[in-house]
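Chains: A, B, C and D, in written order; residue numbering restarts at 1 for each.
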Amino acid sequence: MNTRPKLSFASDYLEGAHPRILQRLAETNMLKTAGYGLDEFSEAARQKIRAACQTPEADVFFFMGGTQTNAVMIGALLKPYQGVIAADSGHISLHEAGAIEAGGHKVLELPHRFGKINAETLSAYIQSYWQDENREHMVMPGLVYISQPTEYGTLYSLEELTKISEVCAAHHIALYLDGARLAYALASPANNVSLIDIARLCTTFYIGGTKCGTLFGEAAVIPQHNYIPHLFTIIKQRGALLAKGRIAGLQFDTLFSDNLYFEIGRSAIEATEIISARLQACGYKLAYPSPTNQLFIELEDARLKELSAQVEMSFWEKPDTSHTVVRLATSWATSADDVAALLKIMQAQH
Amino acid sequence: MNTRPKLSFASDYLEGAHPRILQRLAETNMLKTAGYGLDEFSEAARQKIRAACQTPEADVFFFMGGTQTNAVMIGALLKPYQGVIAADSGHISLHEAGAIEAGGHKVLELPHRFGKINAETLSAYIQSYWQDENREHMVMPGLVYISQPTEYGTLYSLEELTKISEVCAAHHIALYLDGARLAYALASPANNVSLIDIARLCTTFYIGGTKCGTLFGEAAVIPQHNYIPHLFTIIKQRGALLAKGRIAGLQFDTLFSDNLYFEIGRSAIEATEIISARLQACGYKLAYPSPTNQLFIELEDARLKELSAQVEMSFWEKPDTSHTVVRLATSWATSADDVAALLKIMQAQH
Amino acid sequence: MNTRPKLSFASDYLEGAHPRILQRLAETNMLKTAGYGLDEFSEAARQKIRAACQTPEADVFFFMGGTQTNAVMIGALLKPYQGVIAADSGHISLHEAGAIEAGGHKVLELPHRFGKINAETLSAYIQSYWQDENREHMVMPGLVYISQPTEYGTLYSLEELTKISEVCAAHHIALYLDGARLAYALASPANNVSLIDIARLCTTFYIGGTKCGTLFGEAAVIPQHNYIPHLFTIIKQRGALLAKGRIAGLQFDTLFSDNLYFEIGRSAIEATEIISARLQACGYKLAYPSPTNQLFIELEDARLKELSAQVEMSFWEKPDTSHTVVRLATSWATSADDVAALLKIMQAQH
Amino acid sequence: MNTRPKLSFASDYLEGAHPRILQRLAETNMLKTAGYGLDEFSEAARQKIRAACQTPEADVFFFMGGTQTNAVMIGALLKPYQGVIAADSGHISLHEAGAIEAGGHKVLELPHRFGKINAETLSAYIQSYWQDENREHMVMPGLVYISQPTEYGTLYSLEELTKISEVCAAHHIALYLDGARLAYALASPANNVSLIDIARLCTTFYIGGTKCGTLFGEAAVIPQHNYIPHLFTIIKQRGALLAKGRIAGLQFDTLFSDNLYFEIGRSAIEATEIISARLQACGYKLAYPSPTNQLFIELEDARLKELSAQVEMSFWEKPDTSHTVVRLATSWATSADDVAALLKIMQAQH
């Protein structure tokens, strides 16, 4: 059954799961385990994640997708009178259908530069709240949301992340990092922020699975044990508790065995680097400087139409009425053949 | 890796998925498909479900679990000033951690008999609301929730379901059926309600997957097309939209191929019937008359302790200080060896 | 302007405000004060309430009505995973249109006897939660709601209130008392619970104004200072912050000057006692034993129809198809002439 | 009792109510009326408002304050998947402590110019939503919020309001107008938008009372009857239903008798015009061109400190580290003596 006739770089969730994950699912299928994440596979995954983060006391919970993880965790981290600061380009600001607000909290939006906020703007914003004589009539900033890599494929440097973390600490505000594509950040040559750094600098973060090789699933990590009391019940209440929690746990156990999570990132980054270099060499314009697994290319609409007949890309935004920025994403599943086919098409078009 | 040393009948979600599902996941793994349920597998599953329900226009959405399905669908069906009527034993009343209320709606609880409400009590309740001169200060009943089979393993007969549906229709109230274990209802010899009956008599219902052979997943069916506008966005907002929607779709495509959903139910029911007959024959007392895949047995606490060392069962309730009702559940995965081992232990103990 | 042609005992909020309140509003009208309750009148009222409760550190906030007070305060007292225990006859259970649930929390309903719950049932309920092996899938009891007097006009004795408070303390659960008609409880000869007792035994309570002589307004008292951080902002967020907070403050300052709150209660209770004695003497049946300002009388529907042409009463409930329980309420505004006119009508009808 | 020793122009809600309102409250105090707005005074007020708006079928509901009105009405107008577009300076965006989000909806913020949005930006924003291929993952614009006058004291012209209304109509989006200070807009010589225009061009709006002469209260007007079904119950659920609804109704009945609402506006505007002309004449800098009852003056912080000792003004914002914008508000209660005293102080300081 050929479900999609043409080449696609539309996203990093086009295929099923990394083959090793399917293999483990098959091997363990008939074992009987406890439900709701209390099983041995989930516990093994938690231990491996704790080890990788150097956070032996961390609470780790598995979710089914990124919006769910963000909505439940951010809701659980905020007090009723607080909101979450995020880039106005952030996934929670734009592309989660108002999930944070549906949970009762305002997203306090700061301007972004290629998907990133900076520590100075953040600090000024928080200070302006505390200096405002009407602040008791306003939403108190209670949490900062960032993503690594960002929705524009860009990366916070260790220096930038450290500064943001320091601003948060100075104001007793929690820091939350959305790692939907974290594997691709960790594997980027441009990256100098390790998983250990993230665990040290953030109050909570999640390690993305859905876009990094699993059928589904994200692992939320809270380095400080019991930082959010009764989180299990909160997760249940939000409909986010998987009955067969082992399915999520086993996938993360696999990702964190034999360095798989990092290998998945590496192979995608290598594909992107080849594509990026070749496309720029033949004159394509990158819309943003993204060093991870997403390339954003600005195309004339006429050319876009021609290319779209041969390769699927995803719409990103329209900078003006005659151009469109499209996204090309690689993943763990991108093959050398895919790359070659793409380059052949793109070069012919140029 | 032996994850659970002893025999377990604790629930119907102890194992992974029916082997045919794993096989299909493997076969289709590297195909590229659209996300968010817009793929070919999900569409095929929808078509098969529509055919099985004889509802060619139905909207079908896939969710990741029962609490999520209930919370999103019930929330979407209710107006802000309405609540949902349910048995006080209902899953939404007791065991979903307040998910309906977290969505802003009251569960209007009616007394149950072995998990069921009856049409007369329901009708009287709704009429008392409409006759109350203070009703504008009260929660309006907007939906009726039932489960088939119920949390006690019991079944609504076609006559009972028809009457409840008529009461709902007479008061312009929607009817929602939770089919978490629907396969086991459909396969029970005591059952006379078909999937087609359910689709004809209910406003919305869901066909359970998690407890009936999938890794995860439930299929919500809304026979009347576009009955809930913008449901896709509502699902996204509640964090319930699966990026790789195909994984859920493919599983339901498999369940509804070659009569698999009905076979899964049948094998579990056969196992239960054997266990039930034998246990009663040697003097065990059934707490409720449940003709599906769950048996509820009342045990003295001392005997429970002895049995628990050899076979895992699940706690249900304590009718008094010295007895406990426990649940034994069979499933698609229950083998003849499991049944024999259970009976050997139980008979020896008696 | 005669806005209502016939005698009315339909409720205790039929008139405007006690004349002393109107006088104070007129006297202070053109003074300029700070907004949002930061004014001198509100502060004076808070001091008088603290003194009357013997809670020198108490936080006191003024609200505009009972449902608003309950919704905001109960919402602020509960964690997201908690619910509030209440009698199934409680105002929050039945007559606030689902306000608690709209705020995200379940009302955990216990059976009532004439509007009251008892400590034993309460204790058993809380213990059953903690003994339930599935409790992490359930709503945790986080607060107990009672009303004094109850919706049935009955009173908790000091012994009963003390026991309930002890059960709450034993389980680290907060206790909230709805005092919408508290003036009438405090003035009842049957009452032995003082304001000081309430302040000592409850985590939070409110002193009712709307039904006890003000134009509007309730005073929420939290004996322990800063027990709910940022409550001012929570109140603002819920739309419950009065810009001209002085209007509420001044009314409570007046109620707590010269013993007015207690006098208001006393005059209403005296009227009720006369009515109750006379009606019983000529054969009317009281539906419940209510020693405060509400009388509940069971009438044949035919007689109710005749009486309704001459005196307005309020519908309470229908115990069977041919009888109705109606409520007669007195208040600070009930005159001796009103009482005489009522008795003349009722005696003639009997 | 001198509650505030110095001159104050801090806001337009410093005093109680217009004397005619207090007089009516006293005259009608002992009349018995139905509760919850079903009384004769409320009905009379509704009729007068309908007549003034030329909307004979309008639904009119009275609320207790602006944030409450906005939260309840905007919540009732939106579907769960929709948000409300507003200026980023709008009261709902900034100064209502996240009340809209607490109700589950996102405020979609547009940049403002002196508190106003314009039809072109609005149209472009809505179109960009409908052209975005990911819009089903985004919050749908469902309502536009504007204020007249704005938070900066500025006014929409009839042309501007008409264009905004046309954009809304073209996209089937509702238009909501916050008239907290509407009396001061209607009375401004710069204004060309009548109450009738507002009622014709908006889906819903409210006529402010709290800042325009009442003790409290706002009148929400929905020109199309039953546009929001069961709004009474929604209001109750949000804790916004006043038991003695007559108190709100009577105040609006008074405001809309003998042209009082318009006179209240006129007297304040006249005071502002005198102050504005004189202050500008002696060199004060107005921060924004506001033709209503609020003046915004930019002061050096040193001068602000000196002035603050003699006259109370309210903090607005800090344009830089050494200057502050303060607000001077007049109202129905501002006397000629107040104006003279203010000018004497301000001129001496300059």
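One rule holds for everything that comes next: contacts are C-beta pairs under 8 Å (C-beta built on N, C-alpha and C of every residue); 3 or more make two chains touch, one makes a residue touch a chain.
Keep in mind that what you see is a predicted model, and the values were worked out from it rather than measured.
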Of A-B and A-C, whichever chain pair has more C-beta contact pairs: A-B
Contact-pair overlap exceeding half with B-D, pair selected from B-C, C-D or A-C: A-C
Centre-to-centre distance between chain B and chain A (centres being mean Cα positions), rounded to whole Å: 33
Chain centre separation in whole Å, for chain D relative to chain A (CA means): 42
Distance from chain C to chain A - Cα centre to Cα centre, in angstrom: 51
Residues of chain B engaged with two or more neighbouring chains: 80-81, 96-98, 102, 104, 136-138, 233-234, 236-237
Touching residues on chain D, where the partner in the complex is chain A: 80-81, 83, 94-98, 100-107, 109, 131-134, 136-139, 314-315, 318
Complex interface listing, chain D residues touching chain B: 75-76, 79-81, 104, 136-138, 140, 229-230, 232-234, 236-237
Chain C - residues contacting chain D, complex: 1-4, 8, 10-11, 13-17, 19, 22, 25-26, 28-35, 39-41, 64-72, 96-99, 102, 210-211, 215-216, 233-234, 236-244, 246-247, 333
